[in-house]
Amino acid sequence: MNEAATEATTMRTDAPDHRREAWATLQAVRDSGPLVHSVTNLVVTNLTANVLLALGASPAMVENIEEAGELAAAAGALVINLGSMSAARTEAMHAAALAADRAGTPWVLDPVAVGALSYRTGVARELLAHRPTAIRGNASEIASLAGGDGGGKGVDSTLDSGAVLDAARRLARDTGAVVAVTGRIDRVTDGDRTLAVENGHVLQTRVTGMGCSATAVIAACLAVSGPARLAATAYALALFGFSAERAARGAEGPASFQAGLIDSLYGLTEAQVLAGVRIR
Amino acid sequence: MNEAATEATTMRTDAPDHRREAWATLQAVRDSGPLVHSVTNLVVTNLTANVLLALGASPAMVENIEEAGELAAAAGALVINLGSMSAARTEAMHAAALAADRAGTPWVLDPVAVGALSYRTGVARELLAHRPTAIRGNASEIASLAGGDGGGKGVDSTLDSGAVLDAARRLARDTGAVVAVTGRIDRVTDGDRTLAVENGHVLQTRVTGMGCSATAVIAACLAVSGPARLAATAYALALFGFSAERAARGAEGPASFQAGLIDSLYGLTEAQVLAGVRIR
Amino acid sequence: MNEAATEATTMRTDAPDHRREAWATLQAVRDSGPLVHSVTNLVVTNLTANVLLALGASPAMVENIEEAGELAAAAGALVINLGSMSAARTEAMHAAALAADRAGTPWVLDPVAVGALSYRTGVARELLAHRPTAIRGNASEIASLAGGDGGGKGVDSTLDSGAVLDAARRLARDTGAVVAVTGRIDRVTDGDRTLAVENGHVLQTRVTGMGCSATAVIAACLAVSGPARLAATAYALALFGFSAERAARGAEGPASFQAGLIDSLYGLTEAQVLAGVRIR
């Protein structure tokens, strides 16, 4: 593994820092165990919590109006995921995002199925007023949130991440958020600079909650990253995607792949990260 | 595997078409990836989504009144599962079922614990007005929904599927739905014809959401089946039950069995289906 | 395995009954399959149901006001877990706990994140009026519920179980409940006698819902234990913790550990339990 790492570092002298800093970000999460508050959907609560625990963070899922703001103000980072909606959840999402914005807590918006369903498309646009630190979605969701035609089918995208890069940049400039469009290649932009993350595996499309989990990993990395938010978002996606690649090697299908991804994320070593992260 | 398939086909010349058509149904799901909208319970959302993804379908879980009807009208099939109830969910279930009925979207009712709990027993009967395409339950649930004494204990049945076949036939004739009673042997009837599916494994009784998952697989198969709804329902149960049999071989307990079932469903080959499906 | 069992029994002649009775308790759960009603949080519903099924119990998750009291009165035991709150859930929790108290159904309170969040801290104190049979929490939660400063961070404790033993004893005497403080060593007290359970594994801190699952196992054991509630609570924790130890041996990370725990719990043999349970 050390040999491979050395070779890879040698061959890509143009961007050696990304790998070292991705590893440093992972170490910071493991060392400080940031509390990540998720207001997320009913399908992925368990998976999201387990991904955060495997990463070294401390997850808390609280989505009621009585408590969402209190926890968001105390947390290291917040996730607002639109996968499950209701009038009560919308109210709690606003309370949590408002509290995060006021407290300076970084927060990430995951606009699940925005564009495909009218109600949540409206809610997502309103939530932008609370100034998300980052937004992660597939190409259809990001295009829709930026104001275009996303062409989504339910929660799955019919577009490629590269095709909506202009919309992502515009959304980033309009909101001040880092915008991540995930797909075969993930594109991360602050409206000015753009990074491409080439980690990941096609089996991620056959397991529910992979995008939602990536969003939670972004939140954990933002909790420890300080001002380098563009880079931290890309590192989160690379660490998650690389864990997926490693899990796919031993998988017999989507279920063993999902378990392997969590086990892999938990055990990531410096040598593996230095050899595996692909950001340009 | 090819030898076994040939032998099995030879030995059961009375019904060779079921196996070929079960395979054709699976191929159609994989090829078209139908959007399956589930209003389902809080225990099984993640499992149901992953079963549908492993099968090749595209799952979406939406259960709020603001969006349930909009999605049901656009989906390839709909599941209404009564495992988690509330006044708000009941309202969303009605909206989704009504939209499905109007749009001609096939929809499947899963009357979890009907008979054991009064409120949902009433809701289940009211939902029949929206003309479900299929109904899947255990023997207690089907007997209760048909108007008899189901003798259920919580969500588990104390009856055998064969013992309630008359009630199932009556329910099918009264509602126009295909009715599936799952158990050691699954019975599927349209009130006139009846098919028996002999696939499955006893470990399915030690994992939560196996019935709910089977219901979701039925919905996916109905999305691609056209008018052959009796057969499509039986094929869904056979494909799911056969995947369970294959998973049981390598399982060390219920958790590895569940993961193996999803992996098996994802990887099913033509030779396996032709050798393994048992319908009469 | 028999050799190890014999040796272990020989070496600890001071408390041989705990192991034999822990095994008898597990057998009673497997033989009678008690219906365990859980009003639990959205993160752990699936895991809790699967742990109960692996143990041999029959889980039912019902949390709406229309049905919670009806099911609690019919169940063998009830779990009230505060991990997900809302005004509607609080109402259902009260209805279920009241019905359990009136029907003589044993019920277990799991005060998730009590102390860290104000609303649920108030709800937890009000629920004590319905006389829980047992209360299980981490050190922070138990200290907070007993009226002290719990020092919790989100849902994770920053205290050791031994440090809050006085608070646990006071809470037990004030409420009449058996109080279990789980951690590296679990302490179980009725206010007078105290047992220490030394089973468990550190990987339990990297999987969500381990405490919630332990609470559900306590409920199942209380459903079959009669008046020996202190011992039954300790046996539940020992059986669960020992299954965790066995799972950790073959685990490659938190996900394979979780699956292994369920498989291990399902397959526990007499020889394993007699050799593995450590209670003093």
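As written, the chain order gives the labels A, B and C, with residue 1 at the start of each chain.
Everything below uses one rule, namely that a residue touches a chain if its C-beta (ideal position, glycine included) is under 8 Å from a C-beta of that chain, and two chains touch if they have at least 3 such contacts.
Computed from a predicted model, the values in this text were never measured in an experiment.
Visitor: Specify, for the interface formed by the sequence copies subunit A and subunit C, whether it is same or different in terms of residue numbers shared by both sides, with half as the dividing line.
Guide: different
Visitor: Tell me the rotation angle, 0 to 180 degrees, that brings the C-alpha atoms of subunit B onto subunit C, to the nearest 5.
Guide: A turn of 120 degrees brings the C-alpha atoms of subunit B onto subunit C.
Visitor: If you average the CA atoms of subunit A and of subunit C, how far apart do the two points sit, in angstrom?
Guide: 34
Visitor: Specify, in ascending order, the residues of subunit A that touch 2 or more different other chains.
Guide: 42, 46, 258-259
Visitor: Which part of subunit B faces subunit C closely enough to touch in the complex?
Guide: Within the complex, subunit B touches subunit C at residues 41-44, 46-47, 83-87, 113, 116-120, 153-156, 205-209, 251-256, 258-259.
Visitor: Under the definition above, what is the set of subunit B residues touching subunit A in their complex?
Guide: Interface residues on the subunit B side: 35, 37, 42, 45-46, 49-50, 53-54, 58-67, 70-71, 74-75, 88, 258-267.
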